[in-house]
Amino acid sequence: MKKTSLETRDLTIRFGGHVAVNAVSCAFQAGTLTAIVGPNGAGKTTYFNLISGQLKPSAGQVLLNGSDITSMPASARTHAGLGRAFQLTSLFPNLSVMENVRLALQSRAHLGLDLWNVWNRHKALIERAEQVLEDVALAAKRDAHAAALPHGDQRKLEVGLLMALDPDIFMFDEPTAGMSVDEVPVILDLIRGLKKQTHKTILLVEHKMDVVRELADRIIVLHNGTLMADGDPETVIASPIVQQAYLGTAPVEEAAA
Amino acid sequence: MIRQLLSHDLPRNRLLTAVLLVILAGLAFAPFLFPGAKALNVAAKILIFIVLVASYDLLLGYTGIVSFAHTMFFGIGAYGIAIASTRMGPGWGSLLVGGLCAVALSLLLSLIIGLFSLRVRAIFYAMITLAVASAFQTLASQLSQFTGGEDGLNFKLPEMLSPAFQLAEEQVLGAWLDGKFITYYILFFTTVLLFLAMLRIVNSPFGRVLQAIRENDFRAEAIGYRIVVFRTLSNVLAAVFATLAGCMLAIWLRYNGPDTSLSFEIMVDILLIVVIGGMGTMYGAICGSAIFLLAQNYLQDLMRIASGTAQGLPLLPALLSPDRWLLWLGILFILSVYFFPTGIVGKLRTWRQ
Amino acid sequence: MEQATTLPAAASPNPRLYTQIDWAPLALVPALAFAALPLIGSSSTWITLTAAGLAMGMIIFIIASGLTLIFGLMDVLNFGHGVFIALGAFMAVTVLGTMPGWMGSGNLLLNLAAIGVAMLGAMVTAGAIGLFFERVIVRRVYGQHLKQILITMGGMVVGEELIKVFWGPQQIALNLPASLRGAILFGDSAIEKYRLFAVVVGLAVFTAMMIVLNRTKLGLLIRAGVQDREMVESLGYRIRRLFVGVFVAGSALAGLGGVMWGLYQQSVIPQMGAHVNVLIFIVIIIGGLGSTGGCFLGALLVGLLANYTGFLAPKVALFSNILLMVAILLWRPQGLYQVTNR
Amino acid sequence: KDIKIAHVYDKTGALEAYAKQTHTGFMMGLEYATKGTMAVNGNKLVVIEKDSQGKPDVGKAQLASAYADDRVDIAVGPTSSGVALAMLPVAEEYKKILLVEPAVADAITGEKWNRYIFRTGRNSSQDAISNAVALDKAGVSIATMAQDTAFGRDGVKAFKEALKNAKLVHEEYLPGNTTDFTAGAQRMFDALKGQSGRKVIFVIWAGPSPIGKLADLDPKRYGVEVASGGNILPAMATYKSFPGMEGAAYYYYGIPKNPANDWLVAEHQKRHNSPPDFFTAGGMSAAMALVEALKKTNGDTKTDTLITAMEGMSFDTPKGKMTFRKEDHQAMQSMYHFKIKVDPKVEWGIPELVREIKPEEMQVPITNKR
Amino acid sequence: MSEALLKLEGVHTHIGAYHILHGVDLEVPRGQLTMLLGRNGAGKTTTLRTIMGLWQASQGRISFDGQDITKRSTPDIAQAGIAYVPENMGIFGDLTVKENMLLAARSAGRIEQLDEKRLEWIFGLFPAMKKFWLHPAGKLSGGQKQMLAVSRAIVEPRKLLLIDEPSKGLAPAIIANMISAFRELKQTDTTILLVEQNFNFAKQLGDTVAVMDDGRIVHRGAMRELAEDEGLQTKLLGLSLAAHH
């Protein structure tokens, strides 16, 4: 039995009258990649926001390695080992690609409150940042401003920030959306690499079913904020609810890939 | 060695380096190069504004916080010295006590303001600080038993710093070694020290986080920086440096009043200098202060000449009258925001790498 | 596939959720008034103070309305707003100066006509200068708050100096016309005639703004333009013209406010705009930065509280605005009415 | 040898308009006193203008620069009391005379005084006492309304001390930037309305006069009158609402009868197409005092010589004869008890002379320490 | 092949100091759906923005429906009959879904004037639009925003739609709806230029195709050709994903 690293209990959030995430209880295990699927607006991103602390739940708890982190701010959760890449790319636009990654590493090294040394005294951070940029295939653009990158490269940098944080729990929110077909493998390889490290827990929101099918150890389905299905990929994908509500009555492109 | 002193944040441009060296030399040898009460006064003001503006740059240029309460801290520093020297009589002890109390008060106030309002939207914060600063100014003029009200406080300094004190009987290289001379050099070395300290702060890992927060606070929080802590700290640091600048001002003027250190005009001046010099560069504070204060003090003289030559033309003499110097300063300012959005330093740096 | 069967307007799951009127701020004004009554004691004094305070609030609303309009729609914080107020007031001096006959006569209609002409003159001038201001100064800094603050501040300095060039630096008297002087008595309480006039003008401005903003597409378009100007242009609208239009309207309102304020002060000085800046900023912060209704209520609250504290504890009156602001912000950190999440 | 005089005044800033009048008056005064030669005893008078911008720190620096860089012999100015107070120690440091005109704060010739300070302008006490003399009758009840500043409080204090017969029933202090007077007025009405006899609100206010606004609140319904001192001409426009109002003024061009004033009024009308105002007369007085002193020393500008000459010196001004009191160097001068007359053709309420209050009638306290 | 509704000839675009488009030649035939493909940073978005007049072409000529629109302003170009769905969706977050749609319907002054039939058709395609009709658009989920952006472009008939990656972040069911929507639009004589990364999506829809690389068009032809030629796909698009299967 694998160890449960992250758990949500009855996690709920309401916006006005709308229940975006409705009493979701779910446990995630280290060494497992769980894909979260569901129609648009099902509450996947909101669920992530609740786990990583961008939103406060109306009810329910988030537990990390057994301890309750529901009242922790987002920054503290990051230090506790939760890492997150965003669906809508969120970078430091006027800083260089290198600096974007370095800042993440610096946070991980708890150096933020160092007022006295010059930033570049911490050589190890710089070397590590270069390594991360290699990994996400952005080494050539290390000095460009993040804002000037094309959309696909921005997505890669978004993932790069997450890699730099090197958390125990990785949360990817549609990491490959808008990325060109030849770039997608870069990200997929990274995720595959992570899967090899058995103590990491990976959560992945993804609409591309081929990707999900290939990577996921387990799939959970959110629909209208409720947890509708949970199980191994084959069963879940085959279930009528997923076929109808998510993939649509006429499954289209799947065969081609 | 110099790299280390400058925290590896060099001017990065020949011309800029040259400009900075000229300003540094001018300030270092001002009592010898430009004897005369007015010139020395301008030089001292430049020193004070370098500290004040650099501290504001820390807040605005690096952290992206627009605050109008910066003069409040400047004023606290100046009042600290003024009130202590008035109450306790002239002496080094009064300076120390006044300075320390002022710093303590600034720490407390900036912490409160920071915690209270750094959670609200940036533009909201700007306007709230504006209101707070104006209330503080009212308060200062109301507490007239302490602050001397609208009239302010005139006070004396320790014997050694008073104009009557003479270090040597004779002039040395054209300068009288009097109390003013000593005060000037105290200000000069304080400025150098404080500036280097601020340069170090913005180039520390902490300073880098401030820039990240300026760029995208949401993301900064998400990668693990508690932004309330960083913003508040940046606020507190800026406040403390501004307070020290205020102490310097009071020591130089041997006077303080609400208009001298708390007025909104000074706030406008600070903003102008930051922008003219170049936001988020630190060196901008040096270039900006030097240019702005020279303009402020000598523009009127220039205009006197200009309006003389424009005599007889319609409207022009009225526009060029030395009394309208603010008009031209305002126009210069608007133009500089347009054409030098990155300020002198930014312009020089991109001009020829 | 699910088919839509109902009409679009009724299709929302819970439309009331987003269209409900928020009553709490509205109740604040009467609440404040009645809370003051027992403290003041004499009811005639209370009526005098309340009426004066409400009317003062109306005047403040008029001078602040242009600023809220420009901020609410265009997200531009115009520090130069005060200059337009001063400009309006100085125009009133000039215009009324040419009509001593109408002003001096005791005939109410002639007096109002004279003021009407002055208002028109002030609004046209302020609007025209606003056009220039938008073109030359504000145009290039849309969406950049810091630069807006800096540039409009520069504009304020320049504008104030230019007023000195044209009208001189000294204070100029601006007398009320004969029939608006003095007060009307209700028993033992007195209400100045001019304040009644201000109430009428204030209500007219408020109604006009509410109609234009809520009953036409204009407000929507400009709010959209602030968020994503390129997109609005891509939808085929000439957003630039609209922006100019709003800026001109806001400046004209400031001009109108200047006439009202100048007549109230009975004198004008070039610095008068700068003097009211903090006051109107407080009002629009209380209102919620850009909400017309919020600004209106905020102005009334400021006016009332200033009068009550002025009577009960004059020292406190100095800080009444800021105390009110802090109290409101503690209650609602975004101001009385929040203009969505900008 | 030229005699250098610095005029340090608030050329720009909030008091710009007042400052301009002073400078015009000062220059005209030099011209009049030297009979157009601009020289005393063969020494040419050179005036250097310095702008204090209405800021105490700038005033201080400008004065220091005038004494040190321009090597002036005497300085004159400034307009604002705050600036003046900051400038006093500078005169002491440089051991040069500073002739204060027209800043009014009592402290200038009071606790902050030093022996290099002279003042031709009137001080707050003179203002207040003369007004008290004008209003002080038995059976009169008075409420004062003043700004809550040192200026206002000093004024009320001096006024109160000078009252012998009238009864002071209420002191109202309002913030300096008050725009709405309803609340304050209401409190004064409450205090006065129960009184019998004549009821007066006396207003001491620097800057735009608020009495027009008081008039709009209809004080007449309680039988309350409003009284105030003189002011500059634009400010006296509001006085038109108060025909018959009494008070005491420092200067109004139509009141004093003497050659200097006749010349000033005629010349000013000729050159500037307007009558001279408050501060014009003050500026001229300062100039005439200066020339008189230099004449006494035969153009000697040594500070001690000048001080000796000036202490107790009497000199002519557009307001008649003034005398520098030996103790505190304050110029003792006449004030004018007036009554407002309204003439539709004139833009302001005209203060008509009731009586000249001679310096001897006013016990202006000496508050400095020598 | 039918005549071109939109035609780009030798278009160059600079952004600041960067030279992004190096002479783009592109024809969009009337009544057809043209796919514009290419890897990240190839210049697809820049091409669309240049057509809309959001960037100025520094060289070359763009003509639409027989008129030269190279130097026209963006509102002018839009009024000529072009709707645009930008890469970042361009949602007005402060306005409700309804208000967003209302602004897109230029002919309508008030909401009641929106074409009801068309609206129902859109609600059928994207049920979420109906559900969140009066919600602030900024609170929608990523995919819902994308739906709104597309809905806005089709709320009124236009001659030409320029759409930048509409499928990203959409659930398969919705993608299927969108495909049928575009097919229906083609029936009503609407011309579409679509930028896409999702080749499977592109394959099902496109009539003609153009592939960009490094600011130039490197391939033009019928979609069917490219769909059948895996070698060409790998060469032009680096379709290596197939290799993992």
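The first chain written gets the first letter, and so on, giving A, B, C, D and E; residue counts start at 1 in each chain.
Just so we're on the same page, a contact is a pair of C-beta atoms (placed from the backbone, for glycine too) under 8 Å apart; a residue touches a chain by one contact, two chains touch by 3 or more.
By chain, UniProt protein names: A, E = ABC transporter ATP-binding protein; B, C = ABC transporter permease.
Predicted model only: the values in this text are computed from it and were never measured.
K.L.:
By label order, what chains touch subunit B (ABC transporter permease) and subunit D together?
P.N.:
Under the touch definition, subunit B (ABC transporter permease) and subunit D have C as mutual neighbours.
K.L.:
When contacts are scored as defined above, which chain pair ends up with more C-beta pairs, A-E or C-D?
P.N.:
If we tally the C-beta pairs in contact for A-E and C-D, the bigger total goes to A-E.
K.L.:
From the centre of subunit C (ABC transporter permease), which chain's CA centre is farthest?
P.N.:
For subunit C (ABC transporter permease), the chain whose C-alpha mean is farthest off is A.
K.L.:
Which chain is most remote from subunit B (ABC transporter permease) in terms of Cα centres?
P.N.:
E
K.L.:
Whole-Å distance, subunit B (ABC transporter permease) centre to subunit C (ABC transporter permease) centre, using C-alpha means?
P.N.:
One centre to the other, that is 34 Å.
K.L.:
Taking each chain's centre as the mean of its CA atoms, how far is subunit C (ABC transporter permease) from subunit E in angstrom?
P.N.:
Those two chain centres are 44 Å apart.
K.L.:
Quick one: report the Å distance separating subunit A from subunit C (ABC transporter permease), using the average Cα coordinate of each chain.
P.N.:
Distance between chain centres, rounded to whole Å: 48 Å.
K.L.:
What is the distance in Å between the mean C-alpha positions of subunit A and subunit D?
P.N.:
76
K.L.:
Provide the list of subunit B (ABC transporter permease) residues touching at least two other chains, using ranges where the numbers run on.
P.N.:
138, 142, 323, 326, in rising order.
K.L.:
Provide the list of subunit A residues touching at least two other chains, using ranges where the numbers run on.
P.N.:
Residue numbers touching two or more other chains: 18, 249.
K.L.:
Quick one: which residues in subunit D touch 2 or more of the other chains?
P.N.:
16, 148, 175
K.L.:
Residue numbers of subunit C (ABC transporter permease) touching subunit E in their complex, please.
P.N.:
Result: residues 1-4, 7-9, 11-13, 15, 17-19, 217, 220-221, 223-224, 227-228, 230-239, 339-342 of subunit C (ABC transporter permease) touch subunit E.
K.L.:
Which subunit B (ABC transporter permease) residues qualify as touching subunit C (ABC transporter permease) in the complex?
P.N.:
Contacts found on subunit B (ABC transporter permease): 60, 66, 119-124, 126-128, 130-132, 134-135, 138-139, 142, 264, 268, 271-272, 275, 315, 318-319, 323-324, 326-327, 329-331, 333-334, 337-338, 341.
K.L.:
Within their complex, state which residues of subunit D touch subunit C (ABC transporter permease).
P.N.:
Its residues touching subunit C (ABC transporter permease) are 14, 16-17, 20, 148, 172-175, 177-180, 182-184, 186-187, 190, 207-208, 212-213, 215-218, 221, 232, 234-235, 237-238, 240-241, 344, 347-348.
K.L.:
Mind pulling up the subunit C (ABC transporter permease) residues that touch subunit D in the complex?
P.N.:
42, 45, 48-49, 52-53, 56, 104, 164, 168-173, 175-176, 181-183, 185, 190, 192-194, 264-267, 269, 271, 275, 303, 306-311, 314-315, 317-318
K.L.:
Quick check: in the complex, which residue numbers of subunit E touch subunit C (ABC transporter permease)?
P.N.:
Residues of subunit E touching subunit C (ABC transporter permease): 52, 54, 73-75, 78-79, 83-84, 86, 90-96, 98-100, 102-104, 106, 109-112, 114, 116, 119-120, 123-124, 127, 130-136, 138, 152, 177.
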